[in-house]
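For reference, the structures are reproduced in the following blocks.
You will see chain A twice below: alongside chain B first, and alongside chain C after that.
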Partner chain A sequence: MRRRLLLVTILVGGLALAALSPAPIAGQGQAYSPPRLADGQPDLQGTYDLATLTPLERPNGMNAVLSREEVAKLEGAVAAVVALGARPSSGERAAPPKGGDGSRGAAGNVGGYNSFWLDPGSTFTMVNGEARTSIVVDPSDGRLPPLTPAARQRLGALLARPSAENDPGLDPTPGAYDDPERRPLGERCLLGFGSAAGPPALPNYFYNNLRKIVQTPDRIVILNEMVHDVRVIRMNAQHLPSHIRKWAGDSVGRWEGDTLVVDTTNFNADQIRYVVAVAPGRTLMMVESIGAEEQDRLSGPGKDLHVIERFTRVGEKALLYRFTIEDPGTWERPWTGEFTWPATDQPIYEYACHEANYALENILRGARQRDAEATKR
Partner chain B sequence: MSHLAAKVASTLVAVAAGAMLALIAVPVVGQAPASVPRLATGRPDLNGVWQALNEANFDIQMHAARPAMALRAGPHGQVPVASVLALGAVGAVPPGVGVVEGDALPYLPDALKTKRENQANWLTRDPEIKCYLPGVPRATYMPYPFQIVHSESSLLIAYEYAGAVRDVFMKDPGPAPVDSWMGQSVGRWDGDTLVVDVTGFNDQTWFDRSGNFHSDALHVVERYTRTSRDVIAYEATIEDPKVFTRSWKMSMALYRRQESNAQLMDFKCVEFVEELMFGQWRKNPLSR
Partner chain C sequence: MRMKLPIVAVGALALTAAAPAMAHHAFGGEFDSTRPVLLKGPIVKVEWVNPHTWIHMEVKKPDGGTEVWMIEGGSPNSLLRQGITKNSLPIGTEIVVDGYQARDHTLKRANGRNITYPDGRKLFFGSSGTGAPRDGADPTEKEPGR
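Presenting the complex of A and B:
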């Protein structure tokens, strides 16, 4: 009897402890008391792994929150697929069929990365104790607001990329291979590809999802592993004059209670942000330079892009990251997303990109070769 | 009090005051003066936007001014090569007193040959021309500011040039798992001096525009000592048995940028070298 009581006490005590343990809870920052630095501000420092299975936009037909059973089923299914792709490949396997194996994307169509190389996430993001099916929380349907008519027109060519006859990897946009400036920013090693360029800082669903925060009273730095981008946030400072434009915008920060609020403007206006579905349930926010003839860093379509980010430490090993995007040139109204950044012990490696960028040269050379062959025909 | 006693007393006071002044003015060896700000941990606070003010990026050794980095023989001495001729005085090399202790660089014989070839082929070989990551210690004395972000637990150095960055590990993670352009930096404190041990380099970066180079065996030990609010005394000891017969040292001052709005701006030079590196593959190449 006594033993049984003890067991019950331990169980109940354990549950109580679990309830007290710092689960990431949005809007309840007061419940958790974060460690603080000498200036009294919460310590946001650490390395964070942004990889998650939760897509930017909610897939059609899904509820906003997954049940525990659904999470177990979906995460299990993903783990099985990853395990399948991580099997060692045989040295004796045949070459891919001529014309490719039908797969698309970064690997081209001759097969490429297996799971070993990729880090697309293995769990759904947990916010407020809920397993979320979208990062977007406003609009409440988890989908982005409609594009403005001008943006629809501008993005038409980019979003409707019909596959060319013989080469599904070829970009049919007129002039896409004419100049290095027409190639995607990731291909040029200017910014991370996929969703890795920011702000906002989004999961890349591919690899290189790490961010590191170093915090001082007047400067807070976010190091992005992909393309070694360092964002230096100037605390309680004014934005640069509007004619100074930066690839990742100009970020200034302030504390609102225990939340770091970072305001970013002055993006290169010839960049556009758009969302594209790369696979069912997998949407990426791409950042690209628009066509050469339209390039203008001051008056391009991205001139009014404004990103507001909110960082709150919600647990010993977690930040809640919430962002709002205002871009009247692109979306009909602002939209907001949130997800949890779990801390990680993984090291950040140097991502030297431009230094070995023989691909960009070869892509352009290949296009000139193609031009020469077309002229001959 | 007698006149004499008063005099003795005032002398004693003066001596005591002098002794106190001496105590204040002459810091104990290895301890930074009181004007140096400190973090809550008691360590000197290295935060700030810093920049070297010297000509070491042209040539780390003492050098007279010359007409250009890339030269050819003219009828009466050397003149700029045709490809940099249009730059005129802007392309000239400012003279410098050098930053190398003792000035001589102890190259192995073959390595000295390579250095001279590098210098003769500067336009095609210097990684700075292609906007490649600069390596260490070159990043420190390029003509761009860099920012040290130093918290109680972390230290990160962000360079304006090419957006280069070093995350200085304050806990040794063990040998560098892979070679890199900026190396693996491990920091520790020696009194009030930050000592950064940098290993895991590739052999692609240079020390300056004059072809001074290293191999992948490079090992750099840097010492950052903040000697006042506005100055860091910087030293780098270079060890590379594949290139040099012995280790050697460079030293210089790093100055704090004084502007109230001092900050790193964008210098993503990758975009500035696309015409140089890929321009010939445009559909309609520009004249070159």
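Presenting the complex of A and C:
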């Protein structure tokens, strides 16, 4: 049974809002020797801001690395658009159009809210002094590898789903609003939405991109600002039995030299994440949450998802984050991405998602009103 | 190398517009596109919380009475990091909101698709020239150069 599907579209060229020149990361390079904790392990602790203008996939027609002039030009274009968004509206404006404003995706024909709430990133990621145009580094063209035939079939079915009749804002999946447990994980405050949850830890190109790392001798914890996800990485441990499935998977870690290597398997069947390339100029991110029966029937999308992450401190103020995705039910071959996590002295605030989750209440109450109206007819 | 400036600009525009491509929840399930609203009035309460900030405002009804509407905004976290605090939107600040009402029409709730001061300035927006964001504490403060 398909339980939840959520499509998210990101304009590749638009993963950008502000206009700061990317500063090279001081000390980045092979020779850097990281500070160490009392037990000798490299100190990766700190708060990091994953927001970046660099998209997951390289836009068509771009080289892997931008020159400083190109960076300045692109950021200037983005800055101009930001300034446009900050311009005043008319205080005497009318209500938005009846029937919706045409916005798509999660904005569901009613729009969201002003962009002053957003914080999607202001610099291209700098790796080895290079301003990168994609997070994907393998395949070397910066694009994701082909989907398997089964995954293409799933994606096709997803894209072919009709909208709810006369109401494009509604999810047409039968029973989608029947109870809270049919709602998406993000809406229920269980996991970050879009690319925010992971692993892998990806920028979400939206807001709340901070991560905090805390180390102890036998556990390393990564706090994700978005929805307050916490990963506890057990060091030098074995994976849990394969029938035990966890949100964000089961992560075990080890040190390879000064690099922390984290191996994650045993993802919960309701948290299956893919990122799929579609038409030129766009990356379609598909966040899929499906029931176990369908998983079996479709020969296991994500069942064997295996994420290997490598964290290396490359400077006083930066980690290099590298990850490889293996999921033979979805991708024709493994793929790898990397980007720099710049340290930030900004505080990371508690998310406390349940505290004011009026949205879930509003969504379910709206569905009950539709039920009542349908009964009357 | 061929640059794609127009695509970047268009894409960025899509992100800076009021419509997010992805969000904590399905906006279309929460709000009713057949119920557009334009609300004007003073702030009576701000819930500065996650996953969404809710601004409560008092709105005049056609019969002369008033009712309180709740307006959904984004996560406060990045605003807090910019120095905006719960004191940045004092009770009594007049605002103008356009959005769509919740699908349960018994609820006086709407998304804050566009929240401004009465003269049209966006809340919190506008550089002071130092790169610091306007904190919104003074709704009469003018944009530099305006």
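Keep in mind that, in the parts below, the second predicted complex is superposed on the first by the 258 of 377 C-alpha atoms of A that agree within 3 Å, B and C clash if a C-alpha of one lies under 4 Å from a C-alpha of the other, contacts with A are read in each partner's own complex, and residues count from 1 in each chain.
In the analysis below, contacts are C-beta pairs under 8 Å (C-beta built on N, C-alpha and C of every residue); 3 or more make two chains touch, one makes a residue touch a chain.
In this text the structure is predicted, and so the values were computed from the model without any measurement.
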Open item on the list: According to the stated criteria, A:Q45 is in contact with first (chain B), second (chain C), both, or neither; which is it?
Closed with: first
TODO: Would you check which partner chain A:I244 touches, where first means chain B only, second means chain C only, and both and neither mean what they say?
DONE: first
TODO: Would you check which partner chain A:A359 touches, where first means chain B only, second means chain C only, and both and neither mean what they say?
DONE: second
TODO: Figure out whether A:Y113 sits in contact with chain B (first) or chain C (second), or with both, or with neither.
DONE: second
TODO: Determine, for the superposed model, which of the two partners chain B and chain C contacts more residues of chain A.
DONE: C
Open item on the list: One more residue to check, A:R219. First (chain B), second (chain C), both or neither?
Closed with: first
- [ ] Using the touch definition from the top, say if A:V230 reaches chain B (first), chain C (second), both or neither.
- [x] first
Open item on the list: Contacts for A:S89 in the overlay, against chain B (first) and chain C (second): which applies, first, second, both or neither?
Closed with: second
Task: Touched partner set for A:P347, first chain B, second chain C, both or neither - done: both
TODO: Go through the superposed model and pick first if A:V71 touches only chain B, second if only chain C, both, or neither.
DONE: neither
- [ ] Go through chain A and flag every residue that touches chain B in one model and chain C in the other.
- [x] 177, 189, 227, 347, 349-350, 352, 355, 360, 365, 367-368
Task: chain B contact footprint on chain A (complex, rising order) - done: 37-38, 45, 175, 177-181, 188-190, 212, 214-216, 218-219, 221, 223, 227-230, 232, 234, 237, 244, 246-247, 347-350, 352, 354-355, 360-361, 364-365, 367-368, 371
Task: Touching residues on chain B, where the partner in the complex is chain A - done: 39-40, 47, 127, 130-133, 147, 149-156, 158, 163-165, 167, 173, 177-178, 180-182, 204, 261, 263-266, 268, 270-271, 274, 277-279, 281-284
Open item on the list: Show me the residue ranges of chain C that touch chain A in the complex, using the header's touch definition.
Closed with: 1-5, 7-34, 36-38, 47, 49-54, 70, 72-81, 96, 98-100, 102-107, 109, 111-126, 133, 143
Open item on the list: Give the list of chain A residues in touch with chain C in this complex.
Closed with: 6, 8-17, 59-63, 70, 73-74, 77-78, 80-82, 84-101, 103-120, 167-171, 176-177, 184, 186-187, 189, 193-194, 204-208, 225, 227, 281, 285, 346-347, 349-353, 355-360, 362-363, 365-370
